[in-house]
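Next come two complexes, and both contain chain A; in the first it sits with chain B, in the second with chain C.
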Partner chain A sequence: MDAGSVISILITSLMAMVPIVLTSVGAAWSERAGVVSIGYEGVLLMSAFFGAIFAELAGSAVVGLLGGMLVGILLGMLHGALTVYLKGDHVIPGIGINLLAMGVVPFGILAYWGTAGQHQLPQDAQMWHLQTAYGDLSPMVFVTMAIALVTWWVLFKTPLGLRVRSVGENPEAADALGINVEKYRFWSAVYGHALAGLGGAFMSVDWLGLVHKTMSGGRGFIALANMVFSGWNPLVSLIGGWLFGFFDALAAWLAPKHIIPGQFILMLPYIMTLVIVAGIIGKARPPKADGKPYKRE
Partner chain B sequence: MKRSGSELLKSINLRPFVESLIAILVGFIIGAIVLIAFGYNPFEAYYWLFHGALGSTYGIASTLKYATPIMLTALTFAIGTRTGIFNIGAESSFYFGAIAAVIFTNIWDNMVFGLVMGMLFGALWALPPAVLKVYRGVHEVISTIMLNWIGWFFVLWLIIGPYANPNDPNKTIRIPVDARLPEIGYGLSIAIVIAIVAAVLTYFLLWHTTTGFGMRASGMNQKAARYAGMNPKMAVMLSFLIGGLLSGLGGAMKIMGEGPGYAISQGGANIYGFGFDGIGVALVGRNHPLGIILSAIFFGMLRAGTALMQVRAQVPLEIIKVIQGIIVITVAIPSLYDLVKKALRRGAA
Partner chain C sequence: MERTPIIEMKGIVKVYPDGTKALKGVDLTVYEGEILGLLGENGAGKTTLMKTLFGMLHPTSGKILIRGKEVQFKSPSDAIAQGIGMVHQHFTLVEVFDALHNIILGMEGHGLFSKIDVDKAKERLQKLMDDLNFKVPLETPVEDLPVGVQQRIEILKMLYRDVDVLILDEPTAVLTPVEVEELFRVLRQLKEEGKTIIFISHKLNEVMDLTDRVTVIRKGEVVGTVNTSEATPQLLARMMVGRDVVLRIEKPPKEPGEPILRVENLKVRGDRGEVAVNGLSFDVRAGEIFGIAGVEGNGQTELIEAISGLRKVEEGKIYLQGKDITGKGPRELYDLGMAHVPEDRTHMGLILDMTVTENSLLGLHWRPDFQYVKGVINWNKAREHARSLIEQFDISAPGTEAPVKALSGGNQQKLIVAREVSKEPVFIIAAQPTRGVDVASTEYIRNYLVKLRNEGKAVLLVSADLDEVIQLSDRMGIIYEGEFMGVVKPEEVSTEEIGMMMGGIRYEEIRK
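Showing the complex of A and B:
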């Protein structure tokens, strides 16, 4: 392997990092407030699809990214309403959102663009990239780093963050101190899903420039694994997310070389996720009231 | 003491059944809105959907045919939920059941051998998440999803590589004639009967045996399970293994229960997605094996109707997955029954 390939794998890994880190950061915030969701996979897929439509209609990738975020916000509100206000189970709505995405996206690609399974975005709906000799780099890579940093800072260094963590750790005590548990939990779920929405739209309008019916490829779940791996810390999840992005990039680099059958290379990110999670999970400690509905006595 | 008829009727809890019906109704209404938004006529679409599924003996046979695999993958999810775990791994156990059936019936062309090997490999693929859960505390949603992808690529390699049909590059090698499941008629094999028997057996296991009681107890409260004499670790292991076995059976029957020449298609399209659909079936069937029989037939009906809906109303078949997703989200609304009752009362007043 020459230096050029190494740099090019590193650049691709920064791009592959974005959707995973954004989702992990959002999920970490939401779970710190006590709201679990496994629907991020569906959020990524649906915001990739709707983000592309927004970008094409406006002729702007930035509008596409914002549109993807809007989809995330709406799905986060749905999840928040079911889990926080109606005190429902935290896992089942996510299953519903994932199943919905598996229907809406293939249906939508066919009904909206008239092509089966995949659609290529026109140039004006794609994000501007920094061109290097070893591959493209999107400004979203730096935006993602900034979001991870700011989210970490707010969560751990400000009164707002303290209140968010208190409703996920000990809602009874937070309530006694006059904190509106439901309000904090609801908006935390919305923030978590909004970041995943941004990550989904990034995949279609920025990174890949296309919409494909299975393009989320398990990243919503890899992001959850990364969140656990990072100890529910947005800043650490930046490092973990880059690691997962690296295996993604390595698989993409190895695939055309035909050293071993392509299918075994494509397994790599999933095997690494499993190995890493199995290796560290014993030490992981989720927020105490994570996934538990809070009812006032 | 003998209970009177009306008392017996009162003792049956109709609430979950009514809630599922409401969710189905909501699914169809929102599905219609989506259809209108994309410029289709929902009445035409739904007419042909139901006509295709129930309008002929062939339609009913294909409804039951489509109900078979999702009934088994739904049982996998339901056993998991009843023992307190979210087992999303039915999808990949299904792949292993299908490929095991292809491989082993070509070694010994015996139907029972093929089904047993399908169940065995489905259960084997469920072992890693069970072990990771019990001994390393890995959350089963993450492990089963990762193993679904790993299993998918592995089975895809088997399909394209060692077990590709040299005479027909679009498929794997076939199931030998002697190992195929007998046909009842109209393309429907005995697979549906085996699936219903499996659902009834699952019901008896969970509600009428000590092992099943211990499994359900551990799903509700680990301490209570220990008092009931059930090791919670054992309950989780059993839940994964029985679940994998049922989905493996589903995968094997999907390939063995069709006409001559049928095999796994090159891209694996005819074995993909049954595990995910099964989750929806289980939730609408309220994770009860007998509810799942009804719910699987309902979703089988939707799937069977799409052929005619696509041709006559030109609506893409994926719309049924949209409806399915809405139904599952609606089922997730807690105390749906009371909400609807309250709204109806307010409407009447």
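Showing the complex of A and C:
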């Protein structure tokens, strides 16, 4: 492997990092507030699809990204309403969102563009990239880093963050001090899903420039693994997310070389997820009231 | 002393959704700058009353006046805004935060998005702690601190909010004697500074030592209020526990036989790692009901769990019919002839969503009588068993296949007793056997316990209902902080003396 390939893999891994980190950061915030969601996979897929439509209609990738975020916000509101206000189970709505996405997106691609399974975005709907000799780099990479940093700072340094963490750890204590548990939890769920929505739209209008019916590729779940791996810390999940992105990029680089059948190589990110999760299982310590509906006595 | 009422509660009634009447028209006046003791047994309504004052519960009827103005609190934060703070028995701390962040939570200052000024908050807290000489480490996660320190954090949390009235719910329950001294010193100093303190307790000595006045509550009603200087422990004990006996139980005299259960020097730790049972020794003999009386939380639960194999024994030995059973699991103990009516029927006694048949089989399901071959349950036999229990104990159930949650509390309890007795034990633990049970079932269960005794079984009765223990027991131990204050025959002592023992005064001291 020459130096050029190494740099190329590193740049690709920065791109591959974006959806995972954004989702991890959002999920970490949401779970810090006590709202669990496993629907990020569906959010990624749906916002990739709808984000592409927004981008095409407006002829602007930025509008596409914001549109993807909007999809995330709406799904986050749905999840928040069900779990926070209606005190529902935190896992079931996520299953619903994931199944919905698996139906809506393949059908939507066919219905909207008339092509089966995949659609290539026109140039004007794609994000401008920084061209380097070793591959493209999106400004979203830096936006993602900034989001991770700012989210971390707000979560650990400001009153808002302190309150968010308190409702996820001990909602009774927070409630007794006049903190509106439901409000903080609801908007935390919305923020979490909004970031995933941004990540989904990034995949279609920015990174790949296409919509594919399975393009989320388990990244929503990998992001959750990364969130746990990172100890619910947005800044650490930036590093963790890059690591997952690296294996993603490495697999994509190795697969066409036919050293062993490419399918095995492409399993690399998933296997690494399993290995890492198995390694930390039992040691990770989620927020104490994570996934537990809060009802006043 | 200036006599301005700071709090007036008038005719407070609290009826819970399930119909329990916890408060039956309570009037309470608290004067500015005093320490008021709120004395009563478990379930008397002390905590319920204070939770209504603190905005955690909404009274069904009645008025609350603060400085003469009527208030209606929607939540504790409303109460705090009016200068009323409460420290609960179970702390409300965020365990992973340090003391500083626990205390400033909700009033961090500045905007939501600006950096928390940690130094400024620390400075203010430091001054507060210096003034009171009441210190906590500010930067250690709360979960790593001992309970005594956690309680200080709770108190500081309220003082940081400039409350004028501080309510403390059984604050000494978790403290060591030295910590109690320290707490009392701080409370007295707060009083000097003009704060008002409401001290909820069942401990007579502490109430005598600390308070200016005492209001005694019994069964949701105020028995009376006395100035502490004019009160004696005897008077308070009588006010707290003295009451009419509701039920009469026929209990023929019987000479007990051999010891069946023997507990030697037993030491058990509670969930927080504190010593809950501290060197208890006693035995329960055949044909005897041995009762354990005491205010809840004095080690009863841990004692039962240790005997029934659900909790680790730290030190000491337990023998059943001369056989060492220390550290044996519940299954083995059942086989050796122990049965257990647990104190919490909905969590430990029954599986509410399962049927009467299934529940009546719990703990018996491995017996060959109820299996076709090993591992396959004979449901016909099981139904027969359930039917016979229903008949024998006159349990009113819609049928053997109805879920147990469809039964009333009394019938659920009878089902547990029936099931445990059907295991044909030699020794039975009956923990809170009639809690939340209707009068008829209560009588039935009590008579049945006496019947078991008459048949020569050994019965260990643990109950927070003092009448029950007095009526049923042949001998009773009064437990206080994991130790017996005395082991007596109920007919040889007065309720007043029992009340004093429950409040932590040893029998020898009373009889001196």
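Everything that follows uses one rule, which is that the second predicted complex is superposed on the first by the 297 of 297 C-alpha atoms of A that agree within 3 Å, B and C clash if a C-alpha of one lies under 4 Å from a C-alpha of the other, contacts with A are read in each partner's own complex, and residues count from 1 in each chain.
Just so we're on the same page, contacts are C-beta pairs under 8 Å (C-beta built on N, C-alpha and C of every residue); 3 or more make two chains touch, one makes a residue touch a chain.
Here the structure is a predicted model, which is why all the values come from computation and not from measurement.
Chemist: After the chain A overlay, clash or fit between chain B and chain C?
Modeler: With chain A as the common anchor, chain B and chain C both fit in the superposed model.
Chemist: Considering only the touch criterion stated at the top, classify A:9 as touching first (chain B), second (chain C), both, or neither.
Modeler: After superposing on A, A:9 lies clear of both chain B and chain C.
Chemist: Tell me the contact category for A:71 with respect to chain B and chain C: first, second, both or neither.
Modeler: A:71: touches no partner chain.
Chemist: According to the stated criteria, A:274 is in contact with first (chain B), second (chain C), both, or neither; which is it?
Modeler: A:274 sits against chain B, while chain C stays out of touch.
Chemist: Let me test your reading of the model: by the given contact rule, A:221 touches which partner, first (chain B), second (chain C), both or neither?
Modeler: Touch partner of A:221: chain B, not chain C.
Chemist: Once chain A of both complexes is superposed, is A:38 in touch with chain B (first), chain C (second), both, or neither?
Modeler: first
Chemist: Tell me which partner touches more residues of chain A in the superposed arrangement, chain B or chain C.
Modeler: With both complexes superposed on chain A, more residues of chain A are touched by B.
Chemist: Of the two partner chains, chain B (first) and chain C (second), which one does A:195 touch, if any: first, second, both, or neither?
Modeler: neither
Chemist: Which holds for A:175: it touches chain B only (first), chain C only (second), both, or neither?
Modeler: In the superposed model, A:175 contacts chain C only, not chain B.
Chemist: Tell me which partner A:99 touches in the superposition: chain B (first), chain C (second), both or neither.
Modeler: first
Chemist: For A:154 in the superposed arrangement: first (chain B), second (chain C), both or neither?
Modeler: Touch status of A:154: second partner only.
Chemist: Considering the aligned complexes, could you tell me the closest Cα pair distance between chain B and chain C in angstrom?
Modeler: Between chain B and chain C, the minimum C-alpha distance equals 6 Å.
Chemist: Return the residues of chain A at which the contacts from chain B and from chain C coincide.
Modeler: The overlap between the chain B and chain C interfaces on chain A is empty, containing no residue.
Chemist: So in the complex, the part of chain A that touches chain C is made up of which residues?
Modeler: Chain A residues touching chain C: 154, 157-160, 162-163, 165-166, 169-170, 172-179, 288, 297.
Chemist: Would you mind writing out the residues of chain C in touch with chain A in their complex?
Modeler: Against chain A, the touching part of chain C is residues 56-57, 75-77, 80-81, 92-97, 101-102, 104-116, 157.
Chemist: In their complex, what parts of chain B are in touch with chain A?
Modeler: 34, 38-40, 86, 132, 136-139, 141-143, 145-150, 153-154, 156-157, 160-161, 273, 276, 279-280, 283, 316, 318-326, 328-335
Chemist: Show which residues of chain A lie in contact with chain B when the two form their complex.
Modeler: Touching chain B from chain A are residues 38, 78, 82, 86-89, 91-93, 95-104, 106-108, 110-112, 217-218, 221-222, 224-225, 228, 261, 263-264, 266-267, 270-271, 273-274, 277-278, 281-282.
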